[in-house]
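First chain written, first letter: the chains are A, B, C and D, and each begins at residue 1.
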Amino acid sequence: MKENKTNYKHFNSITTRWMDNDAYGHVNNVTYYSYFDTTINHFLINNCGLNIKSDPVIAYIVHSDCTYHNGISFPDQIEIGLRINKIGTTSVTYGLALFKKGDEEASASATFIQVFVNRENEKPIAIPNKIKEVLILF
Amino acid sequence: MKENKTNYKHFNSITTRWMDNDAYGHVNNVTYYSYFDTTINHFLINNCGLNIKSDPVIAYIVHSDCTYHNGISFPDQIEIGLRINKIGTTSVTYGLALFKKGDEEASASATFIQVFVNRENEKPIAIPNKIKEVLILF
Amino acid sequence: MKENKTNYKHFNSITTRWMDNDAYGHVNNVTYYSYFDTTINHFLINNCGLNIKSDPVIAYIVHSDCTYHNGISFPDQIEIGLRINKIGTTSVTYGLALFKKGDEEASASATFIQVFVNRENEKPIAIPNKIKEVLILF
Amino acid sequence: MKENKTNYKHFNSITTRWMDNDAYGHVNNVTYYSYFDTTINHFLINNCGLNIKSDPVIAYIVHSDCTYHNGISFPDQIEIGLRINKIGTTSVTYGLALFKKGDEEASASATFIQVFVNRENEKPIAIPNKIKEVLILF
């Protein structure tokens, strides 16, 4: 069951790279995760004001999964859709999907669970307010 | 619930790389998948005799997931444990886990589902006998 | 001596990725080469009509170098400038430079030498006409 | 002119990865640089006592180049040879070469120039004594 683009409202364009293609001529399954990971960090930095160098909090991925529907290849142009599936006290669950330019149906769908931790001791802490406010309205 | 090394009998040593570490100083979550992906392909080539250049069959990942327990960092030495969770007609489900050298408990656990397809038309086909024979005994 | 953007007429936009940043918080030196490599393959596929799956010729890099002037970091937006430095019988020398969006001076400059080889026996062969015609006018 | 293994005395084993292979079935030219970069950082951390998290100095690459003689492919086993070509006041020039397991002649040769900078202001500073002492005797 491939997801439709209408299930997402935030999109991030990613340019594929020659070395994304593996020996079978398609983008390697691992690389999809870098597209999703990039989209989440883009969102945290640009939409939520996370400062990755100096904020007292950093965000770690504790779980991720991806289901692959259709292969893509460099030089395909792609967009990653992002939505918030769940907001916890210290964690967020993101829903993501990869769309080839012009496609309405996703070529792959993914979930990422992220936990916010204290930069010093790496213990989970409450999602910072400046981020939570954006997540709730998103 | 972290898995124990005794749950795996096949292991593949992987050398971490400087660029595996991300801006937070740990191996990036994406890179773990490259360790698992490498271990599966190593197994198919070295243990099952898959010829990635000329065999009429190629193997695609249709689903993967990973749960992260503890961070690792370059220059950590790691081993990936591999087991077969399920053998279908055209697909295999692998269980994988990442162990830091000397550790008995996994730092991360993963699942990969792989489908065998015809190299020409990319339609699923039965797992080749030379591979199935190894998987069954594994 | 940093190169100016006016030294290049072909540009390729690249989106940086979270994992491009290494433990020091800048894009790792290795990753710059993937930007240049991508730009060359983009040019060969889109401007010169190279078919990477079926053409009887493939193109290998035999030498590359890069000089780094200023660091860049995800989520910086970048453009790669490409020019042709030299056209040989079987090889091309590309000049490349990395520009942060809005910058006139390059953050890094590179050279790549590429040799065209027969896909079957990997022996050097003359640059295909459809590619040479574009290179000469470029 | 391919270099011989006898020109190097320090070696670092690297395990190739499935995704190192590109669409032409060989390790992508970019990836070689990650092998060299890893070997240098391994040497700085393990042989010279560099602490990448807390030392007041960090080391940036300001130039690199590589000449490719023979292709390699996953799952080839490789070793990287490292030597010190030149020690300056704030910089080191490394000579590196890639050897397939069992080969006496290099499949690729490289040079990396590294500058030591202050972690805070990123200005070049003298190579720390604990590192210089190792480099001189190397």
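General observations
As a working rule, contacts are C-beta pairs under 8 Å (C-beta built on N, C-alpha and C of every residue); 3 or more make two chains touch, one makes a residue touch a chain.
Only a predicted model underlies this, so the values are computations on that prediction, with no experimental measurement involved.
Ranking every chain by how far its Cα centroid lies from the centroid of chain A, the top place goes to D.
More contacting C-beta pairs link the chains of C-D than the other of the two pairs C-D and B-C. One finds 22 Å separating the Cα centroids of chain C and chain D.
Averaging Cα coordinates per chain places chain B and chain C 33 Å apart.
Among all residues of chain A, those that touch two or more other chains are 18-19, 23, 25, 28, 30-31, 34, 37, 52, 74.
Considering their complex, residues 18-19, 21-23, 25, 28, 30-31, 74 of chain D touch chain A. Touching chain C in their complex are the following residues of chain D: 23-24, 26, 28-31, 33-34, 37, 52, 58, 60-68, 71, 122. On the chain A side of its complex with chain C, the touching residues are 13-15, 17-19, 25, 34-35, 37-38, 40-42, 45-46, 52-53, 74-75.
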